[in-house]
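Chain IDs A, B and C follow the sequence of writing; residue 1 opens each chain.
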Amino acid sequence: MIMKQNNELQLIIKHFFRNILGVAGFLIVMLMVLSAIFADFIVPYDPIALNIKERLQGPSFSHLLGTDQLGRDIFSRMVMGSRVALQVALPTVFGAVSIGFVLGMIAGFGPKWLDNAIILLLDTLRSFPTVMFALAVVALVGPSLETVIFIIIVTSIPTYGRVVRTQTLSIKSSEFILAEKSMGSSTARILLVHILPNIFGPIAVLSAMEIPTIIGLEAGLSFLGMGVRPPTPSWGSLLNEGYTLIRNTPWLLIAGGVPLIITTLGFTFLGETLRDAVDPKLRKRN
Amino acid sequence: MLGYIIKRLSLAVLIIVFAITLLFVMIHSIPGDPVSTMLGPRATPELKASLEERMGLNEPLPVQIAYFFTNAITGNLGTDVFTNRPVTSIIGEQLSYTLMLIFASISWSALLGIFLGCYSAIKRNTISDKILAVLSVSFIATPSFVVSLYSLLFFSVYLGWLPAIGAGDSDDLWDQLIHLVLPAFSIGLSWVGYIARLVRASMLEIMSENHIRTARAFGLPRRWVIYRYALRLAILPTITVIGVGMGFLLSAAVFAEIVFSRPGLGKLVIDSITTRNYPVVMGSVLLSTIIFVVSTTLSDIINAMLDPRIGRQL
Amino acid sequence: MGKNKIEWVKIPLSRRQMLKSTAAFSAVMASSSFSNAWAQSGSTLRGRTYADMRSLDPAFSQGVSDEEIHACIYNKLIQFKPGSKWEWQLDAAADIEQVDTTHIKFALKDNIGFTNGFGAMTAEDVKFSFERVADEKMESPNKPDMDALSHVEVTGEREGVIVLKSPFQPLWTISLPYITGNIVSKKAFESVGGRIDTEVVATSGPYTHFSWEPKQKTTLRANPDWKGEKVAFDEVQIFHIDDEKTAEIAFEAGELDFTRVSLASLERLKANPPSNSTVEGFPSLYYVWVGMNLNNPKLSNLKLRQAIQHAIDVPSILEAAYFGVAEASTGIIAPGLIGNRASNKVPSEANIEKARQLLKESGESNVSLRISILNKQANVTTAQIVQANLAAIGISLEIDLHEAATFWELGGNENLELVINRYSMTPDPYYATSWFICEQAGVWNWEGHCNEEFDRIHKEGPGELDVGKRNAMYQRAQDIMEESGAYKFITHEYTPNIYRNSIKPALRPDGLPLYRYFQRS
């Protein structure tokens, strides 16, 4: 049994690293994570230190991407922005996955009325127009990192909840669970021992695939001025400043947009390859 | 089947009522009110109170919600706080811009996406298929508002080829089309990738099915078989996906409308929520929720029709 | 036109000067009128407004953006005169004279009529228009500007007397030439129940209201029955574009003829203006300041407030947030208006040494505060500079962003600490002081500033007919504000406009357009 699992894992890893895109995605994600962790050592300047005399300068050797309206080094702010992106992405995925897991499993395994109630809740959350919901929440509690995380969690719960529910339903009716049941196993045991591990794969893949959406959403909210508080740099707020200064300097837009695109691409490549690697059917096909 | 449809539809109505009620409570519980925005700094408390009374804001919230729904059923969404015009006509004006944008985005991306998808399926596992695959993923992954910003920066600000703002002159069709190019491009780009992938996958699946193989065995030309059978079948899931996508398109349109200063539902919502223009906010929230729920419900039903297994599951 | 039949009983010096320049202005207009004759065929003026039209009823006008339209389609007794000084000129009035401190006689021109067959403009229309704004039942948000009105006495078909409850000098700078001065047709308004929204019933100005496309534009057309000075354009289109950046792009694409531009672009546009266009800047009347809530225990220490006053460096703010083009302000009353101060008591430049000293004297330590701002780029930039300034003396500051509706609710919030605020202004000092009296505390006086002397100045100011004395009173009022330690004045901002050389804009001294006087060059 253990042998078999090891083989499976080896197969997944082997397949993963055969795929160029997967490797590229992996490298991009690593780069992003490392720059977020070691941002303090990478940045040439304090990303929030003002230097009004040197504001709105073009790229030079001292300022690789120039300076913003307050004379802050754009490159340093860009590097620091990766930290905000991760600070939002990780807790959000964790929060949304855990809540989605619980709701989805209850829906899939619980009584019919509870299932219906949860479906209603998930579908309601899903049909909230995201921007309006975000506007209302931000107006209610004010913009901050926590607010952004909350908004994105609420809007992404339905995605996970639905996947978990469908998976639970299909596993629940599979023969080995029916056999377990007839042997008198408790619901909790079935959930923890059989269903949880089986749903884990698809959810892990889904999480990797959702991260780019989440990072994009955070940037979108910050772009609308509903994200992190100033002077904290985020890619979205760089884009926001870049939009208002679009005729003065393109560098703010470049510093906010390019890493955002690269990161979302990286996570998407990673997620896709991971999905193909985990799914034996797809592994064979490609 | 009929039972499933009825069940799905009543769920849709429930979701709408539920979502609207929640948002109604949320929006009314945030600080700020239309009365002070409307009357400006010079309003006396008495003036505020009397206006609040006229707008029904002094009623308890459940009563206001009940009013809203009973009026909404008869097609009355109230009147704009500031101009006293009916909300339905305000939304009607703005909705046409958003629908035009969504329609333009989805049209070009569906055309190109289906073409690229077919092409990849036919050229399966060649270099161009692989390049297209990477491009498709990249298109999907790039947030549409970044595409908006960059196309604004590049095509309008630097090259000056296309107009940067607005929806064009309302009685000049050509002008309106020109103004649609950049926003429709930005929204549609990720859908090109999405549709191309989907069409490729369903084409491959269908082409491996028996009757296609049989047709080919009969010596029918390959191209003919592809266009005659495979493409037709492959487009079905695409339509379903576009149905589900309506809601996401609405969100993408919000950003495009902001970046390109286009009139539209998204801009209307943002403007009215910041002025706490409750009737307009609730009217547009209701409408976009309905659009979203109806399109997902329809695609669920279509899916169920295509795949009877789902029908049994629910 | 009736000649001057009435002797001026008491006329302030400045007013006499105004009349003189008005006469000179009419002469210029007369001589230039023949040159306008050719300017009649197929011409369109395309301007821009930052807010959508909200009402065509002057009583419910929402401010500048509505007034820009109203001023074209309605007439007033007197209008602002385009130019660099705040002056007025005759419009619907053939004559207007201040008989004494509370009586103003007027005679209407006999060639002004309302559209849609509502007949000639009479003194009854003036009475109706002014009294409806002052009428409590009307619930007009613009009532304060007509509050001093007792009634209008109709003495002839086209003659009447405006009777005030008490002397009110802002009548000449706000009430008559601005929003509340618009004269509507009594018959027309009564035929539709006394008020209108976004549909006109009858207008009398040189332009008529042709159409309104919500969120897009308002179109005005030359009034064929207009008997006054011919207008230069067949059509005026006012586009609603809220963002200045966007408006600039539209201008450069040839989609606008006149617009305000952003400060960020001023330097670039000045150095390299689009072909055949002119960029011009105007000092605006807005006032921006950093306020401190006196009712918040965290800010009850005067020395602490003074430390903050001295720590904030206005020149840096002007440089970064206002792109180095706006001037530092000395208070709430802009240069060119009665009551403007030549200098601040607390200098605009930061004095870190003094600020540190004051903080030490205050005995406060580990101060951490919050500044609330409206979510606009200039505010965000300003707040970050204030944050850095306060950090320099060891005060930590958190920036709290608000969207418009929540921000404007903060006035009543006891927990408010620091705030960046910006109020609009009309060309009379009484308008500025009205927000900072005790009665307004928690409403529009967010600092909770309450001073007996200040309130007395605000109360007596409008009745003071001596310009010199009035000047001194309002200067003193701003001293009081500054001494409270609750204010650090930033700027009156700046209004840069851009226009095509094919037109000759007619602007108020603060750069706002008076479209009815725009000419073709």
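Quick note on the criterion: contacts are C-beta pairs under 8 Å (C-beta built on N, C-alpha and C of every residue); 3 or more make two chains touch, one makes a residue touch a chain.
Bear in mind that the values here come from a model prediction, so they are computed numbers and not experimental data.
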* Whose C-alpha centre lies nearest the centre of all protein C-alpha atoms? -> B
* Taking contacts as defined above, which has more of them, A-B or B-C? -> A-B
* Structure fact -> Between the Cα centroids of chain A and chain C the separation in whole angstrom comes to 48
* To do: Just give me the whole-number Å value for how far the CA centre of chain A lies from that of chain B.
  => 23
* Structure fact -> Per the C-alpha means, the centres of chain B and chain C lie apart by a whole-Å value of 41
* To do: Among the residues of chain B, pick out those that touch two or more other chains and give their numbers.
  => 30-32, 157, 273-274
* List, in ascending order, every residue of chain C touching at least 2 other chains. => 249, 403, 405-406
* Of all the residues in chain A, which ones touch at least 2 other chains? -> 135, 139, 243, 246-247
* **chain A - residues contacting chain B, complex** => 21, 119-120, 123-124, 126-133, 135-137, 139-140, 169, 212, 216, 219-220, 223-224, 239, 242-243, 246-247, 250, 253, 257, 260-261, 264-265, 267-269, 272
* To do: Under the touch definition given earlier, write down the residues of chain C that touch chain B in their complex.
  => 53-55, 62-63, 139, 141-144, 197-198, 213-216, 239, 241-243, 246, 249-250, 253, 255, 403-406, 408-409, 423, 435, 444
* Which of the residues in chain A end up touching chain C in this complex? -> 48-50, 52, 55, 69-71, 135, 138-139, 142-143, 225, 229-231, 241, 243-248
* Can you check the complex and tell me which residues of chain B touch chain C? => 30-33, 36-43, 47, 50-51, 82-85, 90, 93-94, 156-157, 160, 163-167, 170, 261, 263, 267-268, 271, 273-276
* Structure fact -> Touching chain A in the complex, chain B uses residues 11, 14-16, 18-19, 22-23, 26-27, 29-32, 134, 137-138, 140-143, 145-146, 149-150, 152-153, 157, 247, 250-251, 254-255, 258-259, 266, 269-270, 273-274, 281, 285, 288-289, 292-293, 296, 313
